[in-house]
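By letter and in written order, the chains are A, B and C; residue numbering begins at 1 in each of them.
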Amino acid sequence: MIKLYDYPASGNCYKIRLFLNILGVAYETVPVDFYPGLEHRNADFKAINPLGQLPVLDDDGFVIRDAQAILAYLASKYDAAGTWFDRDDPVALGKTMMWLAFADQITATSSAARLHDVLGFDLDVDAARKGAHAAFRILDDHLIEQEFVGEYWLAGDRASIADIACFPYVALAPDGGINLGNYHGIRRWLARIKRMPDFVEMPGIFLEFDEPMAAE
Amino acid sequence: MEQTSWIVAGLSAGLFEGSVMPVKTPGKDLAVWRQRSGQANAVEDRCPHRGMRFSMGFVRGDQLACRYHGWEFDGAGVCKNIPAHPTLQPPKTICAKTFVCQEVNGFIVVNVGDDGAAMPAEYSELEGENMVPVRSVYLDASISTVRDWLMQAVFPTFAAGQDGTGTPVTYIYGNLNDNLVRISAQVGATTEELILALQALDDDRTGVHVQVSDMGSKEEMPAVQRHVARWLADLRLRLESNDQSQINKLKISA
Amino acid sequence: MAKTTDAFALNEWLVIGRLEDATHDKPRVTRLLGQDIRAERTADGAIGVWETDLAGNKGRALPVQERYGHIFVTLGDTPRDLLEMPEFEEEGRRLVTIGYVRVKTSPLRVVENFLDLGHFPYVHTNYLGAEPQTEVANYKAEIREDVDEVWATDCSFFQQKAAKSATDGQQSEYEYRVTSPFITVLYKTCPIKPGAWDLVGLFVQPLDEDLCEAHSFVLPFDEENTDVELRHFQQTIFLQDRPILENQLPALLPLTPGTEMPARADATSMTYRRWLKKKNITFGVQKDAASTNSRAA
């Protein structure tokens, strides 16, 4: 069975949980005491991932780190229809890779601001927030242009692993004191992702409750 | 021009059925939301129960639900449901403060004052014009600075970009009211027009909600929208650069 | 902000971290009631806490208690006693500290949220509650004058996953005990041991009037789960509350009647607010009713 080294409050671990849920692939988690234990920095954990980072996935002995790499691996192995990661069309592949890489820029900025604001990590939070806004503007401009041509997702007209990769630390940005109020393209894209079938939430990201409560 | 308590809060197209968005205005924060049946509403961004921002809530049918305890309010701000007490008819005294909210030709217009003033005619006069929504951009400048800017901004027309022949463009600027700017660019026999609605967030931040005249076929409009959106992004970048030579390139008079 | 002048808050024993958060080579540098402080383990093995100035120089040494896995200090000269929790002596229980979550709001808002059953289905969906079981049945809330504490008893709520060890939904029984404006504990039905109550505690460290760190612990009868699993469950709950707490207007708790509109389900919150008023506490309380719709951007 797939094993995910996991921290529930990590947006990077969450993207793997979200995607596994969408794919309907069963997995178990190995909880890592990221906070306050800082277990990911100890020698035992570095034997699993020398970078000392979460997430790490162990699929029957194949151990892979880096959230984006894990998404690509899972899509290639478990998405029979091939809709989440189109590797046949060079343009689609290029676009997906471009936004997968962008996800790391979002982690480096938005996630850092959140670690500072929520868990008191000692870092330059103003620089982190500024960097996040710069990234979000690029994302927002892109999503708005996509809407003009009726393509509602980052890499085309259907959701891909790029959307999954970028989603968590955009949605969690307010945790780091980053206001998303003026990013309308982002606001609508977040709502679309939350309405995907088999969407699951994480703490800090709320479910949408569309349907009225059943009448008594 | 008369000072008005009516503001443009955003583009109609930007607000899905069943969604809610935060809108900042000087002095008060609003939540603007759209019922499933289509009606847009504006409410103070603060739930009367425990002060939670409504803009973090969710829409259920034609009611806005607060994220904290799920209390539901109708378009008039009247509390309709308190989930903790499912059989209780909520007392009439529980209501959220609402603001008159109307949509005119693609703009969401809200009266943020308590004055009961009628909507200024300049808004209703937009009715019937053939416009297509582009986007909202937000600039770090006061509304008057942004207005001054736009009143002399060079809008590189889509048509000019298309034929590339350098046909001269004549610009006409209209200040319909404090919040509304119209830029008409005449290229030969055709006119391309932008309507830009300005919204002060506070003393030094301004939103600009932009529509463009519907001048082409359905297939052509996305390219026009993108053209205008890129111009807006370019304008934003130049204004932020604080580099006068970069900024001057935008100006008609330069 | 400068150190508060609120006499009540100054004379409380307040949490500033877990015991292991202050070591010899890594002190805990933080703030309490607007006063910068520094905690470190001294040569004799005890934890020392000092007020510090802008440059970080140590000033006055503060009285310290090491209890319940945490460090408590007071800035006042005549502190009220720190709460007693006899459950810590009970056999079969295990202490798991959770760490803290920093929240930009009044510490009083954080305590009030902890006392609130009505938000479970909406904020802790599928953990502590879910539609359509949203009803908060009548319960009893009171100020117990003899011990000067707020209590809520006979509370119950239907829960999908009441604790880390729960597998099915259950009707959970709750009791709440507030011993200080900044400290509260709850007792709730233990999912695996009939008749027993698990303990969850919240110690709020007020840094400033609108900034705090919420430290917590659990003291359950649990043999199934690791400390890390219990930690993760509790952190999940707190991180679900946090966006709520940071988006209440105003950030400071309004005590003026009419500013907010409670329902019957809010009896504990109303009692807590009444108790705060009686104590004349001003720290973390909204000063001027006009500033309702504002919050530093």
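Definition applied: a contact is a pair of C-beta atoms (placed from the backbone, for glycine too) under 8 Å apart; a residue touches a chain by one contact, two chains touch by 3 or more.
Given the structure is predicted, the values throughout are model-derived calculations rather than measurements.
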Contact graph of the chains (line, ring, star, complete, other): complete
Comparison of A-B and B-C by number of C-beta pairs in contact, larger one: B-C
Inter-chain centre distance, subunit A versus subunit B - centres from mean C-alpha coordinates, in Å: 30
Whole-Å separation of chain centres (CA-atom averages), subunit B against subunit C: 42
Touching two or more other chains - residue numbers and ranges from subunit A: 206, 209, 213
Where subunit C touches two or more other chains at once, by residue number: 131-132, 243
Subunit B: positions in contact with at least two other chains: 56, 67, 83, 86
For the subunit C and subunit A complex, residues of the former touching the latter: 18, 21, 97-102, 104, 125, 131-132, 213, 226-229, 231-232, 235-240, 242-243, 246, 297
Complex interface listing, subunit A residues touching subunit B: 141, 144-145, 148-150, 181-182, 184-185, 187-188, 191, 206, 208-213, 216
In the complex, subunit C residues that touch subunit B: 116-119, 121-123, 131-132, 134-136, 243-244, 247-250, 254, 260-266, 269, 292-293
Partner subunit A, residues of subunit B touching it in the complex: 10, 14, 16, 18-19, 21-24, 55-56, 58, 60-61, 65, 67, 81, 83, 86-87, 135-136, 138, 207, 221-222, 225-226, 229, 233
Interfacial residue positions of subunit A with respect to subunit C in the complex: 7-9, 31-33, 35-37, 39, 117-120, 174-175, 177, 179, 201, 203-204, 206-207, 209, 213-214
